[in-house]
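Each of the next two complexes has chain A plus one more chain, namely chain B in the first and chain C in the second.
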Partner chain A sequence: MKDMTELVTRISGANPRKCMKCGKCTAACPAYDEMDYHPHQFVDMVETGRLEELMNSRGIYMCLSCFACLERCPRSVEPARLIEAVRLAVIRQQDKNHLKPEQIPPLLDPDLPQQAITSAFRKYRK
Partner chain B sequence: MTYSYFPGCTLKTKGKDLDLWGRASMEALGIQLQELPQWQCCGAVYPQARDEIATKLSAVRALASARDQGRELVTLCSACHHVIKRVNGDMRSDETIRSRANAYLQLETPYGGETRVLHYLEVLRDAVGFEELKKRVVNPLTGRRIGAYYGCLLLRPSGEMGFDDPENPAILEDFIRAIGAEPVVYAMRNECCGGYTTLENKDYAARQAGKVLANALNCGAEELITACPLCLYNLQTNGGGALPVRYFTELLAQALGVKEGTA
Partner chain C sequence: MQKIGVFVCWCGSNIAATVDVETVSDALAREPGVVFSTNYQYMCSQAGQDMIQEKIRELGLTGVVICSCSPRMHEATFRRACEKAGLNPYLVEIANIREQCSWIHKDKAVGTEKAIILGRAAIAKVQLNAPLTAGESPVTKRALVIGGGIAGIQTALDIAEAGFPVDIVEKKPTIGGKMTQIDKTFPTLDCAACILTPKMVDAAQNEKINIISYAQVEEVAGFVGNFSVKIRKRARFVDETKCTGCGLCTEKCPQKNVPNEFNQGLDNRRAIYIPFAQAVPKVATIDPNYCTMLKTGKCGVCSKVCTAGAIDYRQQDEIIQQEYGAIVAATGFEPISMEKFDEFAYSQSPDVVTSLEFERLMNAAGPTGGTLLRPSDGKHPHTLVFVQCVGSRCDGGEKGKPYCSKICCMYTAKHAMLTREKYPDTEVYVFYIDVRTPGKNFDEFYRRAVEEYGVHYVKGMVGKVAPENGKLKVQASDLLGGRQLHIDADMVVLAAAIEPDRSARPLATMLTASMDTNDFFTEAHPKLRPVESPTAGVFLSGACQGPKDIPETVAQAGAAAAKVIGLLSRDHLTCNPCVAESNELMCNGCSACEKVCPYGAITYIDKEFRGPNRTTLVRRVAQVNPAVCQGCGACTVACPSGAMDLKGFSNAQIMAEVDAICK
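Let's turn to the complex of A and B:
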């Protein structure tokens, strides 16, 4: 999995080794309880090469892209960038899209803004 | 004063009120928002990956188009503003992204982040001025207790967005005062409503919206305003109607007398 660590570091441009394990990212994350691995664990797992577990976690689809972790990190580790990089490492693979167009119609309602669909496609498929 | 204007996909469809009252109000204030002649959806999520170029190109096209017209670029939707502003920062400061994006686009004049990107609220604050706005109000919203819902995208990351203090913003409260109403400050005004997960996990999006609404309600807000169509949808539709949620431009239009009745 060493190659995967390099890939995720390269895609994200973030450096998990700067983390001082204060846990502020998890404290700031509005979705931490929806994630199997919380943001601070996530950073540690990238650093220690536990990428396979992260790639199989549902947490990578629950990041809200709210940038609270990134804003509040005292070491500028940018956990949101790492989470997005791991998600991309998954969905860039063949047949690994997390969202298919045929799943959309039953999810529509009259008020749903286009922004919701566009952003879901951008986040969940390549 | 004339600005280039990027409305974005949602403001042409489900978020028409944000656009309609935004344009009408600026016109009443003597400012022209000229829609870019051709624009594409910004993609709604800023691509954070260093190696993603194609997903940044529609923002670069809009930025270069405004540059070619010699104008500053005004956005209104929070998501469009976030994406376009951050891509502009990349084009200015990241040599790899700049050269690769220009290699794709083959513009007559390569783009290097020259355009100044402004959110509509920044135009109100910095070009019009809230004191001046207050003088132009003909129908002050006296007695209304309004909570500002900032959400995430206008404020964070503050180093790139440069919009307001990310933990204690004031621009929307100052706006609320300028239109004659009373701002209600509550803790969750700059916490995420969870809207992006509405297709992935609607239950979570609804719970998170409920927390924002309950906090605003407990602090005495009687209504909320926002600049984000997805926040509006999530707070209003998924949130179950605990409080009315409106676009800030609708209240602005009402205060300026360009929209009849009470919003």
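Let's turn to the complex of A and C:
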């Protein structure tokens, strides 16, 4: 899992250690109610190496990529990039059974914004 | 022929445990020029010093090398001892074989070898040492305090108390600074004006203090003890000597729509104004940006109503040239602009205010007469949200500041407490990242806000404020409760970060005083010389050095005054003789040294030189003012022609040391 933490921080280019735990990301997040883990928790979980939990969470797909957290973060931690990196890390796992394209339609929530759906399809294409 | 004496110190076991002192003194005895070499348990003791003096007299030593602790520790001691025995103190060299040798090595063989090398280097250097004599410069017994806030006032009062004349230069029409705008002070809740205004009056009445208000420093020349300062006193179009401060003109002036800076723009003043009732000096000032008479030549109401005949529309800026022995920077702070923090809707709703604006809304002399009312509709607010750390502790953005502004936790607790006390029907939320209350009775104060006054402290930050139907929709995180909060607030108060006043940067340039990346003045030493600038004769008072609350500011102001008094009470200053010196024959006039000199010690002059065949030629050459030069050596490195050299640390001496080490 340590390798995974490194991978996530490397592909995100974000540094979770800069986080001062102010919670402004979570305060700004419009998808808060849909998430099991929230932006400040994402950062903490990456930093403390709890990536498996994070990769299995549904919350990472509820992120709208609206970048409000990234924009508001006073420490330039950029939680949205970390989340994106975690999603990429899920995809990059070799021989792991991540979602197949045909599994996606039944999972789709009609209330999800278009942007998130497009972004999800892009992520699952491989 | 050199006659050098070498004295190796054991420093008890500090050196002797890892350095074989006997071997060191024996080895150094064989160095060229060395006529005497010994070791002793404590060289700095009276017996040790006596031995050095005895050998200087007995053998006629021309140089002394002491292998001991760091020169920072005892160089002065040994120099004094040698001077008493008739040897020029600058012919003494210290080889640091403690901090840089015995303390860092475990292996005695290694330590011994290194100690010998360090001793050898010092011997090589002392061979080239020249006797130096410290010069003297006179001291002008007058101080200048730049900034008339509580820091500047306190410094000036303390200097005046010691009997020295002081000038306070204040850029606003009145002294008093930020503290005049504050309602109550933490943690005692006494009224700021009640404790400040007597001090302002004291300063005005003290015959040693001269207040130059509505003025700014334009030029600083000279050096410690001998500064020459040009001050521009702006035209206020009112004769200060005639104006009685009756205020009639400020009531009759027809130009009523000038944003009142004293109330943070929350109400308006006239074009001719006295900032507030207790202003010092209490004289009116005409704002040339708004005065109809000055802009169009048609009005003149104030001059008609003025019974003292003090209005003078043709008044010009006045230039004051004055000599000073010491300068104190007390330029203070400003809250940062909230323009870049759109998420808090500061520019969208008048009900989102900064903490300083909130002070005015709570103050009896403020725009609402001390009743807390919403700026938008003048109604009483029921739900208030305070946001901490707005722009403080930000990393890597131009949006905020990387430092903690220090005062916000306490004043927010104060605001929250006062609100709850005056209006028990309110709900008050404070969103915090950390509550930082180190200070006497500070944490108790914050706990009182929570426990006695029922202020809701929420760990988390506000992410969004949106004005909607007369309410402010606040979306925030409650990290300890694990939820996202949505509050319909009536007012939002932002604890804006503080930054140094904008006048500080140009002033630092004029003073050649160094600043950090945040434009706070740098101290000569962060711990041991906290009120002095690295530039001799320049002292620091108050928030211009870093964020500070009132008690700390007053303490630092007093400390700066003590340093100024210490300087001004001397008739002459001894200069450090280890200063830069330019060899005019080698100087090519390139100005490289002038540009790197952090103290402004180098100037260029055109000088006549004798050329071939009885001709003269004029060349531009560098000159070092030895009283200003601090001996940092930056110019010697920058000089491309090798003309610049540092006395006592010449290039030849340094190279001799290096050669000795590499031998």
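Keep in mind that, in the parts below, the second predicted complex is superposed on the first by the 95 of 126 C-alpha atoms of A that agree within 3 Å, B and C clash if a C-alpha of one lies under 4 Å from a C-alpha of the other, contacts with A are read in each partner's own complex, and residues count from 1 in each chain.
In this section, a contact is a pair of C-beta atoms (placed from the backbone, for glycine too) under 8 Å apart; a residue touches a chain by one contact, two chains touch by 3 or more.
This is a predicted model, so every value here is computed, not measured.
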| item | value |
| --- | --- |
| Touching partner for A:68 - first (chain B), second (chain C), both, neither | both |
| Chain B versus chain C, judged by how many residues of chain A each one touches | B |
| Touching partner for A:50 - first (chain B), second (chain C), both, neither | neither |
| Partner chain in contact with A:107 - chain B first, chain C second, else both or neither | first |
| First, second, both or neither for A:12, with chain B first and chain C second | first |
| Partner chain(s) touched by A:80 [first = chain B, second = chain C, both, neither] | first |
| Chain B versus chain C as contact partner of A:116, first or second or both or neither | first |
| Partner chain(s) touched by A:26 [first = chain B, second = chain C, both, neither] | second |
| Residues of chain A that lie at the interface with chain B and also at the interface with chain C | 68 |
| Touching residues on chain C, where the partner in the complex is chain A | 343, 389, 393-397, 399-400, 433, 459-464, 475-477, 479, 484 |
| Chain B-facing residues of chain A, complex | 10-13, 30-31, 34, 61-62, 64-68, 70-71, 80-81, 84-85, 88, 99, 104, 107, 109, 111-120, 122-124 |
| Touching residues (chain side chain B, partner chain A) in the complex | 8-10, 13-15, 41, 43-52, 55, 77, 79, 151-152, 155-158, 166, 191-192, 194-201, 204, 208, 229-230, 232-233, 236-237 |
| Chain A residues within the chain C interface of the complex | 18, 20-29, 32-33, 38, 40, 68, 72, 74-76 |
